[in-house]
Every structure is written in structure tokens, then in C-alpha cells.
Amino acid sequence: MNTVNARSAGPDRGRLARTGGVVLLLAAAVALPFVSSSPYVLDIAIQMLFYMALALGLNVVVGYAGLLDLGYAAYFAVGAYTLGILTKTFQVNFWLALLAAGVFAMLLGSFIGMTVLRLRSDYLTMVTLGFGEIIRITANNLKITGGPTGIFGIMAPKVFGLSLGQPRNIYFVMLIVVVLSTIAMARLGNSRVGRAWACLREDQDAAEAMGINTLGYKLLAYLTGTFWGGLTGAFFAVKMTAVSPGSFSFMQSVTVLLAVVMGGMGSVPGVVLGGALVILLPEMLRAVSDWRYLVFGAALVLLMLFRPAGLWPARHAGKEEV
Amino acid sequence: MPLLSVENVTLTFGGLTAIRDLSFQVHAGEIVGLIGPNGAGKTSIFNCITGFYQPASGQIVFDGRSVLGLRPHRRTELGMARTFQNLRLFPNLTAAENVMAGAHCRTRAGLFTSMLRTPAQRLEERQVREMALHWLEFVGLKDQANRFSKNLPYGAQRRLEIARAMASQPKLLLLDEPAAGLNPAEKESLMELIYKIREGGVTPLLIEHDMSLVMRICSRLVVLDHGEKIAEGDPESVRNNPRVIEAYLGKEEEGA
Amino acid sequence: MVPFRNLRRLSSLLLALALVVLAGCGSAPSQQSPSPAGGGTQTQPSDQAPAPAEGDIVIGAVLPITGGSAKMGQDMQNSIEMAFEEINAQGGVLGRKLKLEVQDDACDPQSAVAAANKIVSMNVVAVISGYCSGAFLPTEAIYHNAGMGVVVPAANAVSLTEQGYEEINLINATNRDQARTAADYMVNQWGAKKVALIHDNSAFARELAELTRENLEGLAEVVAFEAITPGEKDFSAILTSIKSKEPDAIYFTAYYAEGGLIIKQARGLGIDAKIMVGDGANDPTLVEIAGAENAEGVAITTSPGAFDFTGSSDWIPRYREKYGEPGPYSVHAYDAAYVVAEAIKQAGTTDRAAVAKAIRNINIEGISGPISFTETGNRKDGYFIVLEVKDGEFTVVQGAPR
Amino acid sequence: MSQFLEQLLNALVIGSFYALVALGYSMVYGIIRLINFAHGDLYMLGAFFGYSALLLLGRISLGSGVTGVLLAMLIAMGMTGGLGVLVERVAYRPLRGAPRIIPLITALGMSLFLENAVMVFKPWGASFRVYPVTLGRAGFDLFGVHIGYAHLAIFAMALFLMVGLHLFVERSTYGKAMRAVAFDLEAAQLMGINANRMISLGFFLGSIMAAAAGVMAGLYYGQINFLMGFIVGLKAFTASVLGGIGNLPGAMVGGMLLGVLEVFGTSSVGGQWKDVFAFGALILILVFKPTGLLGERTAGRM
């Protein structure tokens, strides 16, 4: 019984268990704000949602197209600053500013992508790191970005009558964003575009010979990933009501990368899980927070040695569906 | 009007001239073999034709149109598909997915249609799957559809690479030593496959060392030595051409 | 399909479990969270059920426990705990003991917001927080929305009291006072005509440099206004270009690590202009890094610290015996603890809003002198003093204005 | 004019530190095509080993004076060299065949691990440590230019180390074997060269160069902390690429050039843009001349 698409075979037990698990998780997520009213739990849950969204975005660049980007925080920053500047300094309507945040991050992504994509993979990594630092320093120096203090007092907009200033409302908006992104990314991974990325990740020359415009598709991965980063950055600005260069450091990029790598590069459920764990684990370790980055560093090394495919590996990584 | 015309192509790596002033043509429907001792520049000319190398001078015209300067994926779209000398499959993708990759330039689904999973996208996905199965069946690998290509036996991987190339519905199929490492039985089925490909209207151009295979299958041969064409013509005349024998002197005498 | 055989299911169950645990523990440590009906604390800031009448009164502290400023956070935590021990020894407040709940802000905006949210969600009556201005700024809205009174021992960027929150009170004088003191000292004591200003592009240091420039207008010419990168070691390039402008005085407004290097490298390059540093560099390691002979004669503008207060003569030995050398803001944190204790006594209740109001209207005699706050939350008649390094020791050369 | 010369002197000192650390990058990249993110932290660890060595030597009254400093430097170089070899053995060797992205992530993780291990290790810890011995600020004036003896000492030591390394790699048999491995790992093994040992040697040499630079920085600046490795590591990588990665003379030239670029960039535009120059240079080189100024010395496979 080996039809090409095992998934379309009748409702086998594997698929039922998986959809059951997802429904259970969603129910828990929706119920959370009502179960516990303490702002701390809500804040942690919101942070988890942010990192899930970021991990989904970075996953396109690192997981799907295999480009190790170490400056992802820059697009997060551009999104946050764009929204902050547009809504606070120029009183632009929220939806417009949100879109602008994504588009600006994407424009920056396309500029960097164009300069970077022809490079060998390790050079590309260093250049993205360089761009990340340049953008953080620029945000820190310019007047329009409020210099080192950044921009504070960003008004929370009303979305369908709910003020995003309320933690519970921003929680639900981000939950919707993450759920939609997860679906979109899962479909993308399993489509013609996703296959093209998989091919260029496996063997770029062979992919080119098969009629895949490898440079074009790498750029497409960059545009998708940076748009997502910018969008999430805009929501981050609304949630924090203040945006400062401090929160877009190299460590931020490393944390999002860890989420993708720990969860499983190229695996949508994996990176969502990674996004949650990368916030949850340090919170559990709060008592011994000096050790946080030590544990991050060790985790990266051990993961690469023993579990390069991550906690929830992508289907491609070494497991056949016969 | 030839399907492919290589005109006075010269390729240099720094000081070294890999190919010097090479010209030959391939007409639709014939099976041309490119032969010559190791290092004669066979794979190099293949890379020039398919766009991986930029020749220093000369012209490459395909289907009446110059393809110089086009990147490889553009040439594949125009109808030029290839296999590789040392098997460049996608190891962690299944056989079916490898073949579907070949069909990339014949399908259109983009970022948004994939994310929204529009009816048109779903239809195209089904069609691509069926087409992949068709080509797997064509090379006799239908039952290996879901296995990772890296886990397939060597002979099967060779045939998978051909299926992948055929999936891009080419006019010209460049085969780089397809018979390398095959046992006699596999060579026989390879020959039938190449004939079947030609019946399907695709013109094969192959590099091959196995003289017996080349002699039986090719309608015309082009012989290279040190980057230069030293002979061209039907297999019989080429076999007796003194320069060809001399070029091959010192290699083990290839029995007929 | 045994669910646990495969790591994928195990990790998703782990996540679901963690969510539930988190939801549970969110309220556990604080005996009982405010009535669930309280819901989003946004809407009803101060009407939670009053904290239980018995048990300890919990005071929150959000300080840098990790990262570059870890040492400062530790000094402040020591002094607060010392103050609480003394208060509890004399029967505590309203007959109950004071307990400290410390959270780490790591001098980083995001951790600060997370820590502030955690403190606000606990049964905390008032908060002592704020060493790094950049990290403290985004937490102000959280305390304000929770109606939580805050006493800020060290952070003193002007922007901290510009958001008009009545819960935020600064023990330390602000950069406006410091800039005025620095400009006046350089012009009148040193007779400087040409001044170079160096900051490190952090919120606090840049603001201090800009305010000093304003104060110097008309009095002296600002020949250089330069920024360095924190964490950098080599400042010879900037100092050499400043040297060519031959300033009479250099005012460095950032932190002690780079301050020591600036002094050492300036003297190394043959710059003999007088050097003054801001209160961020008020730390004995400054002299150690610069080298005693380089640091000789360096002036420091700072709010009165541990060593300078009249009342600290017997306080320092008590602190030193328990924790060793006091940091520059140990006294401020100690006073902040007493302000909170006194405010609860005056409010007569542990209700947050009442305590916050009592803090704003407090008037007590602390180690750092009389403590009361202006209507914007700044320290009333806060003043800065000037110290000078004399053979390795910090000595007061310009004390409190009479 | 004298200001120009003084700035040039500053640039050469900064350049020496970048060059020494860049040598390590070029050597490791030349041999196994890996950007050793942790290399910058070996520079930091060298400084800390030097710091502890000087303290210990101080207790047995050997701490001050030239002998003490040189002894401390040797100790630091030995310890850091050993650590470099250990890092390669534990973290990089098992991943030799893995796709390029895997060892890169490991190197990043190793860098984070080393930095925070120092922060958590009590005797060193998070705050700034001051070197017990520092180079004095004595100097002399030549045509109105103030030249400190410290500047000369740093520059001379750096030159000595660079020339020593260059001679070793170009002349000695081990040097040749290392270059063979760099050119083609498999072929070198076929020639009977123990590739793993040569790679360890490469890491060892790269690490002792970084350690020396770390100790010299500690002596010259007088202050060290656990984060000093990150930014210097990035700039040293830029220097090694500027000169042509894998090319040792290139790393030296690249280091000096980056020092000049940074110093004159800062004094003209201002300190807050200082790091932007270094990263800007990196991006420009990689895009327009990826093989660097003196040409890359790695046979990149197609």
C-alpha cells in the first residue's frame, strides 16, 4: 500500500492523534487568559506568541532556504520603529502603519538579500550579522528613532473595538496571527515553492539545472521572512508601548535562531514549539538567571551534535514515509 | 535548422584552455555521442551548454536562439535538461519529490496561491504528483516513489535522475555518462530507455565511455581530445579514424 | 501509535503541561492572587481586595542582578535588606514584618518589563526599582496602571518624570541638577574656557551631556561633543582629535568602566586638560582602571553617596560589617526602604494607592538628608556634590549648597 | 600633521590586535572552511588566563617586570591553545561532514558558552577586572608626535609573533603539512598526513595568537571583561576577509588596514558610528571583492 501521498489515505490513527493534539493545544491557549488573570502569566504567554511568530518568519530563511541569518532582529526592529514613528510622530492609522512596518522590513530585506545572496553560506552569515549591528547602531544614533531612549508612549490602537493596550486583547490578536501564520507556513512548506526551497537547500546547482531560479527563490525566502519579522515587530511596539535599541540586540537574533534550531529547522510545528520553549525555559530558570545564556550556548552545541534535526524534526530530515 | 549548434566555443580557466574552438551540431531526432579520453573537456562543454560555465568566446544556439549569458534555469525552461556525471539528486527528498522538482519550470503556483491553497494550486499539485508517477513508471521506479533518493540502489538513482530531467519536458536531454557503473543488464535497459526517450520526441546528447554502448546506440559521434574536436561522423568511420585510435592509444584497447 | 514513543508527541505534551503549570504557578507564590474577577488589571487599578491583614508585608524590588551592572544591583539589595532587618527588629510596620521580593531586570528593557509584570502580579504593596534609566522607563506604565507606588533609588534620567505618573518618585537628584553643578564647577572652580563633552550614547549619559552643553552656553565654548561605544577599549582616536582642540576641561558622562580607560588613555596621549566624570563613573574601580597617578585630580559630580552624607558616619561601619564596601547608591536604597516603610505607616493600610499617595507626600530625615518629592516626583531640592580624587581617595571638594 | 601621525600610531596598535586575532580566523578557515565564532572569546580567555597568571606570579614576587609579563603570556598562550584544541575536538570534529549550517551554529553556541562560563566563574565573574601590571604611559616626542613605549612594545611583539607564525607555516614541515590539509583534506590524508592532528595544530596556533593578543590588550588597556571577545572577534574576521581569508599575510595587512579605517573614520565622523565602519567594510569587501586584497588561499570546490 504505497500511494504517493500517504496523508490522503483514509483517516489513519496518526493523523487523528495529531489533529486531536492541536485542538487540545488551541483550547488551552484560548482558555489561558481566563484561567489565570495574573499579568505575569499573560505577559509570558504573549512573549511566547511573539517568539513563535518570529521563529516562523526566520524558519523560512534558515529552515526552508538554508540561509543562516544572524541579523534577524534588525527586521524586527525596523517593524517596531516604523509603527512607533508612524503612529506616534505622524499619527498614521494603525492598519496602514502595520502594513508599512511589514513592507519597510521587506524592502530592507530585499536590499540586504540582493547584496548577500550571491555569497557563500558562511560569508552570508557574517554579513547578515554585520547588517544587524549596523541597523541597531543607526537606530541608537538617529534623532527620528529617538536615539538611545527610543520611542515611548506609543498609543494602543482599537482593533474591532478592543484596545490593544489591554494585555488580554493583544494576546488574542497575537494568537490569531500565530495560528494563521502556522497554517500559511505549513502550506507553503508543502507546496511547489516549499519544494523549490528544499531543492536549493539540498543542492543548489542541481536545483538550478532543474529550472529553479535559485537566486530568485532565495530572495523570495528573504522577503517572506523579513515581512513576517517586520509585522511581528509592529505588534511588539504596540505591546511594549516603548521601543528602544536595547531590545534588538544580537542576542535577540540568537534567541530566535535557537527557537528555530531547537524546534527543528524547516519544521513548522517544531519552530512553534521552539518559540514557546525559548521563553518558557529561561522563565523556569529565572531563579538562576545568570546561567541563562550559558545554557543557551550549551543547548546550541549539544543540539547540533546529537539532534541537528531538532525536537520536532521536519519530515525531510531522515524519516521516510513508506 | 539544428536543435543545438555549438560554434567556435573556447573555454579557459585562468591560463588553462579547457576547450579550444569547438564546433558541432545536434539535429532533432538523432542520438549524438560525445566521446574522448578523460579530461578531454566533455563535461566542460556540457557545463557551457547548460550555463554553468561561461565560454571565453564562441556561440551556443539552441532551438534557433542564442543562450549565452542565460542562467541555467532559463535554459532548462527553454527545453534543455541534463543529468550529472556524479549523480546530483536531492538526497533527503523522496523519489517522487525529486521528479516533481524537475517539473518546477512547467508549473506556476506562487507564494500566495500556495499559502491560501487555492483550488487552482491544489489541482496543479495533483497534476504534478500524477506526472511524477508517470515519469517514475517510465523509468520503472513507480514502486520506489516514497523512498528517499539517497536510499535507492545506484542503478535506480541513475534512472531517477533521467526521470527528473524528463519531468521538465525537454527538447534536448544531455546525459553525462549515464552508463557509468551499470552492469550489462542495466546497460541494456538504459539503451531501451534512451530509444524510448527519442521516440517521445526528445533528442538525447550523451557523454559516454562505454564504446560498445556508444557504437550501438549513437547515430553520430563527436570525438574530443584536449579540448579539441579531432573527429566527427558515424560510429564506424570514427572507430577507424587514425587520430581517434592514437588519442586512445595507451588506454586499454577497448574490445568491440 | 504509542504517543510517548515519539519525541514529537512528548514535546507537545510538555508544552501543554508547561502552559498549565505556568497558569497555576502564576498566582501560587503570592498566597492568593487578587480576586479573579479583577481580571485585566488595566481597568480597575486600585480596587483589589485589601491584602490579608496578617503575614508579612511584601515589598518588591526590580534591580539589575545579572549583566554589566550586577554589582550595583547587589549593593542596593543589601542596603534594602539591612533597612528591613532594622525596621523588623523594632516591630516592623503596622505590627507586621517587611519582606523583600527581588526580580532581575538585567539593565535590559525587555527583562525589566517581564520582571515588573511579575512583581505587579504578586501581592506587593510598593516597589523599589531603577538603576538603568533605559530599562526602567518602559516599566513606569506597568506600575502606573497597577497603582503601585515606586521609589527609584538611582536612575535619574530627566525623561523618567516626564510621563506625569504620580506613582514614580526619584530619590536621586536628576541630570538637570547634575548638569548645572558640573557646568558651574568647570567654569567657576576651574575657569575652563574650552570644554569637551564625551558620552556613550546611552539614554542617561547622552542626556547629561546635552543638558551640560545647554548650561555651558555663554559661559564656555563646547569644542567637542563626542560619543564612544560602550564595551570598547580603545578611545585613542577620539582623544587624539580632542587633544588637537586643546580643551581646558573634559567632562565624561558615562559609566566607570570606560571612564577609567578615557582618563588613562588621555594622560597616556599627553592630554593635561582637567577631567571630570559624571555620577555613572562614581566607583572605586574608576581609579583602579585609570591608575592612581592618572586619576589624581579627577573631579566627580555625584549625588551625595554613601561616604558623603553627614548621617553616614556610623552607618558605613554597620553596612561594611555585614556586606563589605558600600556602593555609591547603597545609601539611596537604604533611604528608599525607609521611605516605603514610613509611607505604609502613615497610610495605615497596605492598599497600593494609599501607600503610593503617602510616598509622594512623604517627608522624613534620611541618611541622605531630608527626603520629600516635588509634584512631578523629583527629589525636592536635590543637589549634586563634587568629589575629587586625592591620592586614590574620593574627597568632597564641594558639598551641599547652604 | 602631528595629529595625523599620532592617529596612525593609534591605528597601528589597534591594527596589531585585530591582525593577531585575524590570523586565527584565517588559519582555521583556511584548514576546515569554518568561521570559528568562538575565536574572539579565545582572545578574551587569553586575557583572563594572563590576568590570573600575573596574580599568581605576583604572589611569588615574579609578577612584575618583563620576565613576569612574558611568563604570564606564555602560560596564557599555553592554556588557551589547549582550550582551542579541546573546542575543536569536542564541538567541531564530529560535525566535519555535516551541512555547512550545522558547524556554524555550533561555533555560535560555543562562543556563547565560553563567554558566559567566564561570567559565571566566580574569580573572574561579570564585573571588570583590572590587570595587576600595566604598561606605563612613559613615551618620548619625535617631531612633536607623542610616542609611548607601550605603543612600540605592542607593535614589536605583534610583529614578532606574526613573522614567527609566517616562518613556521611557510618553512617547517608541519607548516607544509598544514597547508596541504588546507588545500585538499582527502589528498593530504592519502599522502600519509594525519589530517586531524594538523587541524588541531591549526587551532592551537590560531588560539595562541589570540591569547597573546588578549594578554597584550590586558596590559595595554589595563581592563578586561567577559564580553570583550565578541566585538574584537567580529572585527578580526572582517580583517581576515579584508586581507583574503586563509591568507596569513593577508590577515596581517587586513588587521592594520581595519585599524586605520576605524581610527580615521572615528576621528572624522564620530565615535558612535565606529562599529558601522568595520561592518560596512566587511560587507563592501564580501560583495565586491570576496577573495580579499591579497587573494584567498582556499581551493573552494565548485
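Letters A, B, C and D name the chains as they come in the text, with residue numbers starting at 1 for each one.
By our rule, contacts are C-beta pairs under 8 Å (C-beta built on N, C-alpha and C of every residue); 3 or more make two chains touch, one makes a residue touch a chain.
No experiment lies behind these values; they were computed from the predicted model shown.
Following the contact convention of this document, no chain is adjacent to both chain A and chain B.
Averaging the CA coordinates per chain and comparing them to the mean over all protein CA atoms picks out A as nearest. For chain pairs A-D and C-D, the one joined by more C-beta pairs in contact is A-D.
Chain centres here are C-alpha means, and the one lying farthest from chain D is B. In whole angstrom, the spacing between the mean C-alpha positions of chain A and chain D is 34. Computed centre separation for the pair chain A/chain C is 34 angstrom, with centres defined by C-alpha atoms.
Rounded to whole angstrom units, the spacing between the C-alpha centres of chain B and chain C is 72.
Annotation for chain D: residues touching 2 or more other chains are 126, 272, 275. Residue positions of chain C touching 2 or more other chains, listed in rising order: 66, 201, 227. Residue positions of chain A touching 2 or more other chains: 140-141, 205, 290. If the chains shown are joined wherever they touch, the resulting network has some other arrangement, not a path, ring, star or complete graph.
Of all possible chain pairings, those that touch are A-B, A-C, A-D, C-D. Per the touch definition, chain A reaches chain D in the complex via residues 62, 66, 68, 70, 115-116, 118-123, 125-127, 129-131, 133-134, 137-138, 140-141, 205, 250, 254, 257, 261, 265, 290-291, 293-294, 296-301, 303-305, 308. Chain C contributes residues 66-68, 70-71, 201, 226-229, 231-238, 240-241, 243-244, 257, 260-261, 264, 267-270, 285, 288-289, 291, 294 to its touches with chain D in the complex. For chain D in complex with chain A, the touching residues are 29, 33-35, 91, 94-95, 98-106, 108-117, 119-120, 126, 230, 234, 237-238, 241, 272-273, 275-276, 279-280, 282-283, 286-287, 290, 300, 302. Contact residues on chain B toward chain A in their complex (touch as defined above): 50, 52, 71-74, 76-77, 81-82, 84, 88-94, 96-97, 100-102, 104-107, 109-111, 114-117, 121, 124-125, 128-129, 132-133, 143, 145-148, 151, 164, 168.
The part of chain D that touches chain C in the complex is made up of residues 3, 6-7, 10-11, 13-14, 126-128, 130, 134, 137, 139, 146, 148, 150, 217, 221-223, 225, 227-228, 231, 262-264, 266-267, 270-272, 274-275.
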